[in-house]
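What follows is a set of structures to go through.
Two complexes follow with chain A in common, the first pairing it with chain B and the second with chain C.
== the complex of A and B ==
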């Protein structure tokens, strides 16, 4: 096992709500090795993005953070804003889901990419722009020198996502958080962006936290997976193990719900019924003290609602938070 | 959102602008106003300062295009020179309000919390007084005169711009690219200047155009009350005041400055409305 880069322990985030604090993250644990790739999967509202924002220290106003985030041996929880500013974009970088809104519409992209290098690495504008050209070229933006003067609206969605990645790579971060990097893109472009991320991880020894609700994306790029539901990690382990043999009822349902491409159907065979997990994610106030998935789970028993289930190992490195694992398999 | 505002300047902006009737009409009126003021710096039919009692209260004629006032001064020349006065007062007063108000609004939006609360309660406080009464009070305290009327009008423009800037800036702060900029490690000050300000410029410019018209009106009102520009410098507002007693004998003395004020304010308002339509992407898409 390589050196641990990021270690998150019992991370809790409470958001201010009308009837008292709402738990957005309920004490999650995970770690990422230097150069490792962790895929964070879950439905919208499961706390994936909240995890990313907590790591960056960019939680919405009024949010309460507790637990521990150790990054490169340093505790990030409770660090002053100025120290976090030095880390952000420099050691930890982040890309966002919708690159149209995550790039400043009234600033040329060259300046946006160069800016963070000028800020953290003390480059002059000319040096930073040369470096920006190199990075844009690396992420596969055609004709990068000329593109420096382009505005975000002049680029396609895939190109904008590439610009975002170049922007994040500017200071050679040790950890890249990619929040839904492929969600806003066409299927063909999705594959290219994921391949690019995987290449970058390999060539730079950078760790990647890939956040996506798209299981295919995570399966394609991540070595490890953590499945989130209702602000808790319900299952985690090596990607192959989790995808091949999901243990938690929610992870099982999630993977069963993936529509498969069925060649028989094209030949006229009746279509297999798509599987869905009944119900929908309740809002944050709707969770009881026990397992967050209890209300939608087919195997629920009284004990499930009593206390949050601990993660128990199912195979080497693979664990799931369910008290009925023994009865399920 | 104003994200297309700067982006749409360029060829597309002018193509849409030419088709926008109130923008074109307002633009022409404003151009005439500015052109007249500029021309009066080098040429007027007669000197607006020369008193010529034998030729007092002349009707319209080829020599005196709009007639003369009780002192024999040429009304057309007075109107031309008065345009200078209106523009200077408008520009400087709006600039004061715009710079200080926008700075306050940006500060409120960047710091939130008690700073924002303080700035906003200050604007509420100043809005509680009718603007023109505030200006009258200030000139009464500071003494009448052009400079003091500029200061008075400028001061009541500050809260207007503070509110507009704060509202627009708050909308920008909640956008993802600001979060992305913060994720790059940028501080609030840099984000304010690099990301927030450029995205609210169009809103501020539109507001400035409309406020310019109101400042001209306010200057005319103050001068009418004798608190603004002092004689012998011509001012539209004071021309109205002086015409008051002669309204039955020489109504043209009141009518022409009145028309001048109305056209200037109308032109600038139409220009401001047109600009707002043209830089607001929600309205562009609707068309």
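== the complex of A and C ==
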């Protein structure tokens, strides 16, 4: 296996709540190799974005962070703000879900893309904007030199997401966190943006943490997958293995809920009923001490609610956090 | 951009025309005959009739309205009944006091309001923020005429740093004139600065929650750099709207504060003219005030377009 770039151990985030701290992340573990792509999937509220913000050191005010984040051999938990500022946008960069609101509406995009290079590389504005033209060209924005003076509202959703990616690439980060990069986009554009991310990972040797609730997006781009539910990772492993043979009841449900374009259905065969996971994600205060999925799980037994289940291996590199794995298969 | 400008200019002209009509009609139905006031109680009906003819009061209302508008366009605001001099010469004199007074007060409002508002927002819910909010609540609650009296008591009577009232004019130099306007401007600006500080604070706090602020932080910018480089310009959009409205408030407030400081400004003139039924002067003042308010709003619209590129686009 390639050198480990990012190693997260027992990462916990507690958010301040009216009745005491609420666990948003319940001690998660994962790793990303240099140049690797980890897809983080789960419903909204499962803790995917919280994981990203914890890695960036941009948790909401009052949030408590514990555990360990080792990045390029350096511990990030407890690092002072100034050191985190040096890393952000430089070694670790992030793109955000809604590129309309994630870009400053009153600043031309050229300046926004150039800014991180001026900050971390000490480039002059002219040099940084030349570099911005190259990046915008690379991410496929047409006529990038002229586009430097454009404002976000003058671009389409797909173009804005490309600008977000160019903005994140400025200082050639070792890790790119892409939070729902395709969610706000049309289906055809989604494929283009995913293809672009894959190309960039390949040509730059950059690692990618791809956060999405869209399993198809993750399946298309990720080498490894971690499935989150209720602030915990319930299953993780190589993408092919997890998608082909999901082990955890939640992951099984998630993958079964995917509408597939099967040839026989297109040919006019009767439609299979779409499967849904009953219930919805409870809010943070609604989880007991045991398995977070217990309340929605068809296989739940008393022991599930007693203690959080550990991740146990199901095949090489593939593990799931369920005490009933043996009974399920 | 030119379409945006043209639209705004047209709105400005329409507003002025409408307000001139309102002013004219209100004074038309107001009881009291200016000729009678001028003549006094001893005048005979014959004398009154002659005077009314001379003052042009017998012409139909529509004719008088249009000749009034037409004359104003050439810079002729009519003649004061009470003083017998052109209205414009009276206005000019008073404007030289009231406009600088309102401008100084506006500058103070902007300075204190913006600085304190941004400072408080950067310390959201911490002691500095709470202190500023407490002080501004106090500032909003103080009536400006009372505060003016307190300022006179402290700075003029007790400390003797300023004179208690009056205005030396601009002949002795700008410094002396400004010094005389400082306390009145402070009295005027306190409430508005307090309001502006609160609005600036909440606007900056709102903007700091926006996604693009998180993007800026994700680039590695520190909190302060994000505030100055990204948040402030976005936060200014609602703030500037309020500042435009505040300028109108300051002009109106000046009328009261000028009384307290015995300043010979527009406020004094408008009081006297209403008491004397000196309608030409009253109409001139109101139109002038309306013009200033509309002009400031026009300037605000231009500032919007400079700050927010989207507004320019949506209007063109």
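Heads up, the rule we're going with is that the second predicted complex is superposed on the first by the 321 of 329 C-alpha atoms of A that agree within 3 Å, B and C clash if a C-alpha of one lies under 4 Å from a C-alpha of the other, contacts with A are read in each partner's own complex, and residues count from 1 in each chain.
Assume a contact is a pair of C-beta atoms (placed from the backbone, for glycine too) under 8 Å apart; a residue touches a chain by one contact, two chains touch by 3 or more.
Treat the numbers as computed from the prediction; the structure is a model and nothing was measured.
The superposition on chain A brings chain B into a clash with chain C. Of the two partner chains placed by superposition, chain B and chain C are both touched by A:93.
With both structures placed on the common chain, the touch criterion links A:161 to neither chain B nor chain C. In the superposition on chain A, no contact is made by A:292 with either chain B or chain C. In the superposed pair of complexes, A:101 makes contact with chain B and with chain C alike.
Residue contacts after overlaying the shared chain place A:56 against chain B and chain C alike.
Looking at the shared chain after the overlay, A:37 reaches neither chain B nor chain C.
Put simply, chain A uses residues 56, 58, 85-90, 93-94, 96, 98, 101-107, 115-116, 119-120, 151, 153, 164, 167 to touch chain B in one complex and chain C in the other.
Taken in their complex, chain C has these residues touching chain A: 210-212, 214-222, 229-230, 233-234, 307-310, 313. Per the touch definition, chain A reaches chain C in the complex via residues 56, 58, 81-82, 85-90, 93-94, 96, 98, 101-107, 115-116, 119-120, 151, 153-154, 164, 167-168. The touching residues of chain A, when paired with chain B in their complex, are 56, 58, 61, 84-90, 93-94, 96-98, 101-107, 115-116, 119-120, 151, 153, 164, 167, 170. Those residues of chain B whose C-beta lies close enough to touch chain A in the complex are 3-7, 112, 175-177, 179-187, 190, 194-195, 198-199.
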